[in-house]
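Shown next, in structure tokens, is the structure this report addresses.
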């Protein structure tokens, strides 16, 4: 299923390659978010902040002449994970809607900071140069970038799938089901939640780094609350707690958006109706629908 | 000194403005447990209907009532068609559904009314600014403050003194008990949702004369409203009122004084823009501090 | 009520779906990629620009400069990343060579460099960011509107001319806002009593208004695009501040949409513009009457910019008979700006940004209709270019 | 008497004006089954929540395993060897019964985080989990989601979770509540079988169960311990009779 976009015919059409790359990058964010939303019950409404930090890291490093991807990406992941440590440590005392809102608060701080920092372009954003390499590969070649992104997505989803089945993952699911019970069993739940939150933040940071190299441009709207909302919509659309579903959710939302906006200026209305139909009639999201597990 | 008083009054006024929206949101959200992102869209609808009714030359009060009524009808329709099917489902399904409603509402409104912002004039009797102690204040804003406090009081009476209020309070915590009393829970839900929508529509209609009536006005203020009810603590009108006032005052005082405070410390260009940036995030910092300190807001309802 | 008068949503939807992709009947019209902002609160700017552009095509019955054209429009939703994606699609998949439409500078900065480097032409009907006016200029990039700073320079000039001594300036706290203030200060030499930077999503301005009142200035300049300016002006007027201060505005904050949306609050405002409805040029008179006839609303500067952009494109297409692959000839023709602009004398500077006149204007009540109109007062800057063009090496 | 397994000194807790624990002293000897009984609203569950660490007392001390645990959270107390069951079954509804127990086993065996190996195929978790299920009579129900179990089965699973933790002190909050006659019998039999292998603090309404299981009984009225002793002694206590047992038996 992930290989679908790689179908031979698409390979010589850079537009389709780019469209698929975009989906793959967003799918990576959605999968990382699903890790905490779907398995930890931690609904973050500020996931765009890590995406933006990852992207800006790569862009700012490129601004200073560092365009070797492994270095830039590792720094991007590290910085977004660091932000997640700080935000998580402060936010994870709350739960439910309060958690939703406090994560939003921190993301808004990142957003307004990016707008205000003139050295990084402020609201105009920051373009990236023509060069970026990954161990000798030219990342400015759409096909190369696509396969690099796809590889990272597959790796992330595979690792995350392994993770949620591991001892750590079971604890995480336990926390989602009943944190009180998991605490009573003796697990320091805060630590588990924090680790999951940081892994998710790092995943979004990696996606942000990829985005910077894909779009060759970063701007503060990467951190906007509507972006965070979009990520959540992808996760819900795909089916909460199904990592592969997050990929479908990203593909479906982006696909619908670009198809409908190509058809009509009033594309939001049909998009809204379709989303509404999906949420009303497909109880476990698109993934549940496709996999025939609509037992919710 | 009178400037400080004026700024405080500004904060109060802004807080009351947020409260008009927060009241409806906290009812639906705190009591029914529905995260209604479309609350801002209902508010937008109220403003658009009020502005276009006022545009036909109808009196101000009629326009506001029309806005509130249209919002109420939209609320009933949304509850019956969408929300009702989602009570038993994951909260996030409600988020997705109401997000879809935002898209539909924004596009629908721009199809009906066009993309150009509408105008709604302040009623002539209320348009002059009045002198108040040492400063001049717009009369209409005083009316807004009064209206907000009046609505808060009316809601308080409704919730604490009437049978409907009793059912609403009971429905929040003991749904089964209420059902056992022979009350039609789903009717109660519709009523609560409609009430929330009427409040949002009223807010939209009342604010239309001082704001740009345009597509997207709902989302802009929705976030602020969420911040207010979270800071105040969910589910009670009192919490929403306190949260809204706090957010209003902090935001206003931040915008009024952070740049002034920074001026002697930093270079002017930096002070001005840094001040602007800091005051923009002031309420988010406030919310983060409140939640780190009190994870369930300042005035949480009931024990954990 | 208007709701009743209009068709149902569903019918409208079908219509717009059917209508958007079929403009011309000729077999192989030249495609023009229009990336613009149609949704969000800023959507009406893109709509005006698009309608103005389309009006020029309709005048020639589906042609520009005698060449059949088809405009492919897509909404960027004010997101730079979306704009870039649309640009990729238009450029790579639809093989479009001529682009236009972007309203907002942040979208333009994300989209334009990539497009023009790939050999496409971009004719800007609105955004004219400084980054693309100096060192970053490009031979395939033409701006029909203005360089972003110029409207503010004109406004500063006007404030100076009005004899204002002490001004308050207000702008959103982002780069475009700061550039606006810098532009204003370049030509206004009086005292700046207070520089106020506001949030991008602000709805209430009472705290700022109190600061403004306390500043005791005799005039105010603000750059608050779209709805922000409408909110601000309503609240400013309600606070009674208009009685004590002259309001001098760039044209973003003083066009017919704004005047309609704030009602009486607009009366007596001062403004500057590069285009006005009552400019006495033949091309303008034709544009204004045709626009009102077709769209039943007042034209705005954005509409005139869209119209002029189409006219410029027409002049270029006529020169190469529609063959834009003759890039050098096409470019040379565009550079001549050989068209009748709605704003009178128009030519390009060395960076292919406009050199044009700027006018002062005032909002007055029309004696006959009793409606508020923006009326030209005089010329405030003649044949003005921009300060960045020296840095441009073309 | 040897060092008690659990010692409570002058414990105080109130919600506003309502005093729920009033200067309570309580000793639970190692290995005994100590029942806490009392009328509704006597503060039994609140006491248990304070012992388990879910509620922070207003004053007083709780000593467990020779440590002052008054300020420790529930997870830290669990790691010291406390385990509890909840009055309203508190299980992870979307995990199977076996996964629930496996989680408890994991809590005992591994403190470090493990991210890679599948917990579903880990015999060091699965075998003890199945054993614990078998012990409470749920061997055949291991693959059923905890939320889908019948009420009585959920109660048994609660006990299985607590046992799988291999605690030294077991806090049981009304394990009989809501059980039918046969289910009650089974639960009493189960608890009898573990009695003596560890210390048990049993909060219970069901006098039959208390009579069967308790070595010692403390009677709680309005947050205060009014009597303590053997079941029969307490039963005979006139204070208790008037306050509580009057209508019973």
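Think of it as A, B, C and D in the order they're written, each chain with its own count starting at 1.
One rule holds for everything that comes next: a contact is a pair of C-beta atoms (placed from the backbone, for glycine too) under 8 Å apart; a residue touches a chain by one contact, two chains touch by 3 or more.
What you see is a predicted model; the values in this text were computed from it and never measured.
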Distance-maximising chain from chain A - centres being C-alpha averages:
D
Could you please state the distance in Å, as a whole number, between where the Cα atoms of chain A are centred and where those of chain D are centred?
43
Measuring from the mean C-alpha position of chain C to the mean C-alpha position of chain D, what distance in angstrom results?
73
CA centroid of chain B to CA centroid of chain D, Å
46
Averaging C-alpha coordinates per chain, one finds the centres of chain A and chain C separated by a number of Å equal to 35
Within chain D, the set of residues that touch 2 or more other chains is none
Would you give the residues of chain B that are in contact with at least 2 other chains, written as numbers and ranges?
106-108, 110-111, 223, 273, 276-277, 280
In chain C, what residues contact two or more other chains?
9, 12-13, 38-39, 173, 178, 199-200
Looking at which chains touch, is this a line, ring, star, complete or other?
other
Throw together a list of every chain pair that touches.
A-B, A-C, A-D, B-C
Taking the complex as given, what residues does chain C use to touch chain A?
9, 12-13, 16-17, 20-21, 38-39, 73-75, 77, 79-81, 84-85, 88-89, 92-93, 105-106, 109-110, 113-114, 129, 131, 173-176, 178, 199-200
Under the touch definition given earlier, write down the residues of chain A that touch chain B in their complex.
37, 43, 90-91, 93-95, 97-98, 101-102, 104-106, 108-109, 112-113, 115-116, 225-226, 229, 232-233, 235-237, 240, 266-269, 271-273, 275-276, 278-280, 283, 296
Touching residues of chain A toward chain C in the complex: what are they?
13-16, 18-19, 22, 112, 115-116, 118, 121-125, 127, 211, 215-217, 219, 221-222, 258, 261-270
Quick check: in the complex, which residue numbers of chain C touch chain B?
1-3, 6, 9, 12-13, 38-41, 43-44, 47, 173, 178, 195-204, 206-211, 213-214, 226-228, 230-231, 234-235, 238-240, 257, 260-264, 297
Which part of chain D faces chain A closely enough to touch in the complex?
52, 54, 73-76, 78-79, 83-84, 86, 90-95, 99, 102-104, 106-108, 110, 113-120, 122, 125, 161, 165
